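Both of the next two complexes hold chain A, though its partner changes from chain B to chain C.
Then we have the complex of A and B:
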């Protein structure tokens, strides 16, 4: 696989509805690795992701990026398959759309939705919809993937399954994942940064050992989780 | 299904029996209040005059509804594309909507030579606003996050309109259409009343006026029954269209199956 580029933010000012979210912010996200941004609700995690994606006024995307939001954002009138190849459909190139078919099918099989290609999102469970959203994000085949609490509202077991799946499928890409769940950050992140304060300041890099997805029963992980929760409580 | 269907039908039969019973018991003359049986008989015996009149009224109603869909839909699209056009035109759409049609119908009928066209304009004026305002609301209520997603996917403005805004606005448009269907009929009838008092129309409202002058009250009631039935039929037809278009994915159509 082509090595994915690093992503960096240099002296950025992020303003949302007149509130300064971040001032003179500089951050590095190493290429081909997953960086988890951890912070309490409202600290500005999503604003930072939107800044990286070029969705805030006056910003441009860092390059071609794929974006996965908190909600699945599947179009209710399109089948699962058509939702997954939505990007190709929207760029209006018939040839690219046809080429995207096999890729979309393969990805859907990989996330366990191979038998639901023609189903409408309405008929799927929350976990299945989020799997479809993950497949759609990957179908874009971008080296940089931005994820905003992608598994935030799933039940614990489904979330675990999807974390494993995501860790496998995102290997080798530059991923920035925002989460408020310390355990999720510890399972998936090669690097973890805690964002705290108003305007927020990123904490030092925390790099747990071991390959992702990490075993949640690992004592080192549990100790780190306790530390992260402590930092989040005092830093908020 | 059963209670929902049987309850109103039983209630209707009860009211009709009560009506007929009161008319007979109190010996009310038919030129004051005809009983339902007499109305039904008149409906059958005067079908030759009433049916062509119904066709005239329904034709105007459906043409007005079609025009309302075309103009209301096109204006809504225009508004969603340009904030300036919306800001300049929307207040006038509201003025048209709040001006009572009875008050301006005589003017329109006086200005336009062709009676049918003037009736059409009146009915259209009443019918187009719900479609316009609902469709504008629908086009504007598109999920902000989905718009972001489309932007990230590099979708053109045209694609976003076609693949996101229009499908998302469809339920709103259909809701407006159902309201407009009834309003188009009311607009057509009101305009016919105004035109009819000048003796220049041939629809159901004109038959009602004429029956009133001639004291043929049972025929007047029969015409009223036809107008109500036409209104209910239009509503049911539009509801069916709406259900067929949305049944696969929209909450409003899925609600009962869960």
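Then we have the complex of A and C:
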């Protein structure tokens, strides 16, 4: 696999509704690895991600990116399969769309929705919808994947399953994942950065050992989790 | 079942009122008399109903088509929005009834003026409901499409338009309910056939029971048009469950 490029932010100013979210911000996200951004609500994690995706006014995306928002954003009138290949449908390239069919099917089989290709999103549970959204994000086949609390409102068990799935399917890509869950960051992140303050400043790189997805029962992980929670409480 | 009981009760009260007040049938015919006329003149009524029904349906189709096309134009082009949208809104200040004689003057006593009238009446609810729907697309969907490098055209046709279909369906329901008004006003102003024409004719000749029979058929026709449109509208948005049935 071609290694995914690194992603960097250089002296960026992020302003949201007149509030300065970040000033003269420089950040480096290593290529082919997952970086988790932790921070309390309202610190500007989502703004940073939208800045990277080129969704804020006056910004352009850092390159071709796949973006996964907090909500699944499945289109209710399209089948699960058509939702997964939405990008190809929207770009209107008939050949690429045709080629995306088998890929979309394979991804849906991977996320356990192989038997729901023709179902409408409304017939799926929250966990299944989020898995379909994950498949759609991966079907874009971009080297850079931006995820905004993708599993935030799922129950604990479903979230664990999806974290395992995401870690496997995102291997080799440059991923920036926003989360408010320290355990999720510790399970999935090769690197973790804590954002704190207004305007926010990123903390030093925290790089837990071991391959992702990490075992949640690992004592080292749990000790790190306690440390992260402590830092979030004092830094917020 | 219950609405039927209510209706029967009202009819009985009407019959009783006519009988107690000894009203002559050319002022207010009892329902029993109207029923007899309905049976006796059914051939005439059916013929006129077919005419008016055709006017309503053609008017509805034309109004839906023109309204939808204009709403999409407004959503797609800032130029159209700037130059023509205010005009469409201001045009609603013109009472449609006042335009009816002009339409008859220009388009004649035949079906065309009634179709134009019905289309004119439903045009605005259709434009405003669909245009409103096109402007209220979930911003999350639009952002997703942006990260997927979608062209504005693809976003309009594949996301904004389907997302606006529930709003369009509401507009179509309103249109179906008011389309008969347009057709009948057109017939009152000047026509040579139709239920509205039959009503004015029979009232002028003192045949009030026949006018009531025509009114009854007109109600059935309007109801049928509404129910049919409602069915089609639901089929248009199968992903939207409707509560309260």
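In this text, the second predicted complex is superposed on the first by the 236 of 236 C-alpha atoms of A that agree within 3 Å, B and C clash if a C-alpha of one lies under 4 Å from a C-alpha of the other, contacts with A are read in each partner's own complex, and residues count from 1 in each chain.
Please note the rule applied: contacts are C-beta pairs under 8 Å (C-beta built on N, C-alpha and C of every residue); 3 or more make two chains touch, one makes a residue touch a chain.
Worth saying up front: this structure is predicted, and the values here are computed from it rather than measured.
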Would you mind checking whether chain B and chain C clash or fit side by side on chain A after the superposition?
-> clash
Is A:201 touching the first partner chain B, the second partner chain C, both, or neither of them?
-> neither
After lining up the shared chain so the two structures overlap, which partner does A:91 touch, if you call chain B first and chain C second: first, second, both or neither?
-> both
Which partner does A:122 contact after superposing on A: first (chain B), second (chain C), both, neither?
-> both
For A:76, decide between first (touching chain B), second (touching chain C), both and neither.
-> both
Touching partner for A:6 - first (chain B), second (chain C), both, neither | neither
In the superposed arrangement, which partner chain does A:15 touch: chain B (first), chain C (second), both, or neither?
-> neither
Residue by residue on chain A, keep only those touching chain B in one complex and chain C in the other, then list them.
-> 53, 55, 61, 65-67, 69, 71, 73, 75-77, 86-87, 89-92, 120, 122, 140
Which residues of chain C touch chain A in the complex?
-> 138, 140-141, 143-151, 154-155, 158-159, 162-163, 165, 237-241
Can you name the residues of chain B that touch chain A in the complex?
-> 143, 145-146, 148-156, 159-160, 163-164, 167, 248-250, 254
Given the complex, residues on chain A that touch chain B span 50, 53, 55, 61, 65-67, 69, 71, 73, 75-77, 86-87, 89-92, 120, 122, 140
Complex contact set, residues of chain A against chain C = 53-55, 61, 64-67, 69, 71, 73, 75-77, 86-87, 89-92, 120-122, 140
